[in-house]
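The data blocks that follow each hold one structure.
Paired with subunit B in one complex and with subunit C in the other, subunit A is shared by the two complexes that follow.
Right after this comes the complex of A and B.
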């Protein structure tokens, strides 16, 4: 090691073999398919025979496709149900469990309640979907039976089969599935907060709302960013939920881009068009990630 | 997902301050909040209760008493019927084979990659890490058709191996990213001491690095297993024949065909949720232990 520069680079080459299998596999399983997908988005292709190059044809069609725009509008609502509402509920619950229940009734009570709210998160999305499509069934479904039992039978409904309620029902199911995730992240973030901060604020006569705003939220800002980014991206990939609950129906009322691309790939055999949808979806997700990371970086700097 | 990772990480025992002081401050509003939270917990659990109730009913009981009444006995006919209809034992085995292989292989691949990136500090590693971050956010919708096409070309379509390969790579994108940062912080003197003792890179990896990062590896192993178990889109596209299907695929496809009646749906739900609830209970301990072990280091 006389010349550190040369020694270092020879040293580095020695590690290259460890990276080779990974590099090859990534290229084959992620790199090539990713580029292929972009490539086929510029073609007209049924999946057999040779793709026909049509340039931006698919994208021009997308811009005019009302169904595509509708699917993005639905996805905005699903982001609401999977990211924004659970984050807000999770914040309030985490604060209530940490600030009130933990301190006044003991940490055991708090962790049991947390586990109850978290439980839906352990279900595979598909299983949760099977459970709910049966609970929401129009004939003999548990939700309608419950409404009947409490005297609200007139509200009984074909929840997933009526275009007016289908999307809202899906959003409701997603809230149920999702709130455990922000809750546990926020609660573990709040472990960092010195409990005497809360006690001091309480002695100073700060109401619960003020403590929430001035102690809880500022302390776990980093977690809030991460949770919002993670859940928003997850909401844009909501394929299994839609597949199991509604199959995009009734009449496209719950269609989302990820499901719409699948329909084009495997039901309509319009692979070029499906690839264009998937490419747009990818771009949206990448743009969101960049924006979030920027915001987070700026937030960190201001905090200093 | 990451939730379970962070959950128990270092909860300080801050219950030592006098219980009397705590009790004194329990105002009526604190009780009101507690009641509201218990009610919420009940609502969250209700679907689970309803599923268990109805999975234990006979179809006659279901149609006469409705979905909300508790079962009047312990009828496992619905569950047994569903088990036989989808050959659930086989489906369960498929899920275990696929998830287990992916977990082990993806951890192995992550270790090799991270060794080169985090400890070897190979040139251009920032680019590799940035690409991995992108790969993590990539929607599978953008990969699924080309993968399907390629699998057909090489004759791996409708095999469990194809799904294992795909998810080994997808999961190790996350694993490599995480492990690289763990290994970049690895104590250098330890490595140098081993090198001076004459250990080669291969020996250093297995005798020095892996034992130290083992807690992180076991956490990754659990995550990869559970994540793969829950996957749906790619397994559904790849695993067409019944004998290769995983739990999620078998139930999802059956649900998609709208062929299940009420008792069967609840039996399916029960069988589908039992394994994951079991994982939750088993792995929670592993994860908590793994994380505390990691923290001590």
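Right after this comes the complex of A and C.
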């Protein structure tokens, strides 16, 4: 009786040497700095000299800080722009490319189109951001020039400078940048869907829309979960896009927690406060991740 | 156990190797003063870049056997990481650093910079630099500028002025203004012809510098000192600030400044002026060399019309980190940059030298630039920059001025500025 048990445990421990480097690296690069960040968040510190312990002071200030709450509200819209909308568009595009384009125009056309949509993902975020800031520029920007050219010149304005449009413009850019990721994941997910399912549905007279709803979406649910989790976390961490496009402006209209934390760290030399924001943001991301993983696990259980 | 023992040994060996490597690094820096580690962030083709390149050559010629290890850094890079770098073993022997309470002042308070006072008096640098320019080089124990301890040496100075596109003035039959009334009359004339008179950038310093200049038009030295050096209480709802914010908002409404410039950066605004789209740019002398090189039209510069005080100060500082291991070499290098030759190079390349011999400046526009600056220092007219007094103020100014341009009431905007200012004052 003891032998198989011992054998299993030896087998389990046998993996340890392979896990160790990753574990050490994680501890050194993520674990320790995160704990230090939490520690710093209980202090008042300029980044140099001795930090002064102030307990929950920074957190009490956070609760009252209107700018902090506004930055979280902006982030909700950014989740919409970086996670929800690209996932939906990605789903439709993936289904259309796999189910329609691939079948009628051949796989080559489908992959060319896929590569075109994926392109923004390859571009460094900062470069894409700079290019978009040119496109959206109030004078000589391509977007305004285009509006002028089609006779809608009255709509032309300072997209990133008007608080009414700044956040929406940033969200628009993010949608453009983000679509390629869900598309590629969904298309590869669709590869493993048995074509006979589609054929059977087609024989039964199901339209493209019904096939999408009843075959495509249910079949790639695991991919949808992964994409939503991944893009939501990316949206919560959104920083370079904001940094390049608006620096949180105009007048804080596009401020997000990650940028706000950076401003406190480096512009205001208020490292303790910046750490408190970063800690809250990390906890929100961790909580969301746990909720997503739970939901996914439950979904898989039900699916079985 | 044996395995664990072996890994522990490997780890220990690695740690020992790492320690000895850092120790070597430390030794290298101090090996008998054979190396001068120098950091600065001026572009090679800028006036300062040219002057300091020459100074490095001169230093190498006068210090045979000493190697200058120069690292070109970015302005932002040094601004954001200096405290951490200076607190480490990697600090250079001499570096360029931003002036002001929130930067050089903060580092001096934290004991990261060398007190240069004895060297400054010994080498006579204090005689070369006018008292007005000295303010940003000297700090008190709290790190407030204008103290009595030298923590840096400025080689150059800078100030804001109006750049005029003379061709556009001539073409639209408008006279270049010399008084404030003439300035507004000229702007009215341009607006009437469909030309936006002033180039502007709402996402960076240009917009709030207008607000400060307009406030300065109604202010005096005591007001500036109270704001910049905390010698008194600053009330942002006083007459001067209210005039500044209200007038600026009014200028946006009147079309003197494009409302569409809220999201623009300083580079956009400068390029737009240099490409001949705007008759005027109100910005720093740091643009001078570029305008000279790039503008395809006839242009000239002058101090803000009618101003007794304007934005300006000594330039960025040479500082010697506390941890520098070759301080004598650092002082020798600073000394070379203060000499007539480096100062003349700086002046002829479009910079504002602090200790130049006027006869050595040959370019006519550069002569005017320096003469205007000398006029300002003689009349105690340098009022520094609005974002200096507290850390993080720059972002607050940008955000609030953007709101002002987008129609938020001046009182509300100034209230926001007051909140950041009060929250950031040294305790």
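Definition applied: the second predicted complex is superposed on the first by the 275 of 304 C-alpha atoms of A that agree within 3 Å, B and C clash if a C-alpha of one lies under 4 Å from a C-alpha of the other, contacts with A are read in each partner's own complex, and residues count from 1 in each chain.
The criterion applied here is as follows: contacts are C-beta pairs under 8 Å (C-beta built on N, C-alpha and C of every residue); 3 or more make two chains touch, one makes a residue touch a chain.
From a predicted model like this one, the values you see are computed outputs, not experimental measurements.
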| item | value |
| --- | --- |
| Touched partner set for A:113, first subunit B, second subunit C, both or neither | first |
| Which superposed partner A:185 touches (first subunit B, second subunit C, both, neither) | first |
| Partner chain in contact with A:252 - subunit B first, subunit C second, else both or neither | second |
| Touching partner for A:266 - first (subunit B), second (subunit C), both, neither | both |
| Subunit B versus subunit C, judged by how many residues of subunit A each one touches | B |
| Partner chain in contact with A:163 - subunit B first, subunit C second, else both or neither | second |
| Which of subunit B and subunit C A:137 touches, first, second, both or neither | both |
| First, second, both or neither for A:46, with subunit B first and subunit C second | second |
| Touching partner for A:243 - first (subunit B), second (subunit C), both, neither | first |
| Contact residues common to both interfaces of subunit A (with subunit B and with subunit C) | 47, 133, 137, 247, 266 |
| Subunit B contact footprint on subunit A (complex, rising order) | 9, 11-12, 14-16, 18-19, 21-22, 25-26, 28-30, 32-34, 36-37, 40, 47, 93, 96-97, 100-101, 103-107, 109, 112-113, 116-127, 129-135, 137, 140-142, 145-146, 149, 176, 180-181, 184-185, 187-189, 191, 195, 202, 208, 230, 233, 236-237, 239-240, 243-244, 247, 257-258, 261-262, 265-266, 271, 274-275, 277-279, 281-282, 285-286, 289 |
| Subunit B - residues contacting subunit A, complex | 1-4, 6-12, 14-15, 22, 25-26, 29-30, 33-34, 37-38, 40-42, 44-45, 47-48, 50-51, 54, 62-63, 66-68, 109, 112-113, 115-117, 119-123, 128, 134-135, 137-150, 165-166, 168-170, 172-173, 176, 201, 205, 229-230, 232-233, 237, 247-249, 251-252, 255-256, 260, 262, 265-266, 268-269, 272-273, 276-277, 279-280 |
| In the complex with subunit A, residue positions of subunit C that touch it | 80, 83-84, 86-87, 102, 106-107, 110, 112, 202-203, 258-264, 268, 272, 277, 391-392, 394-395, 398-400, 402-403, 405-406, 408, 424 |
| Touch list for subunit A against partner subunit C, complex | 46-49, 133, 136-139, 157-163, 166, 246-252, 263-264, 266-270 |
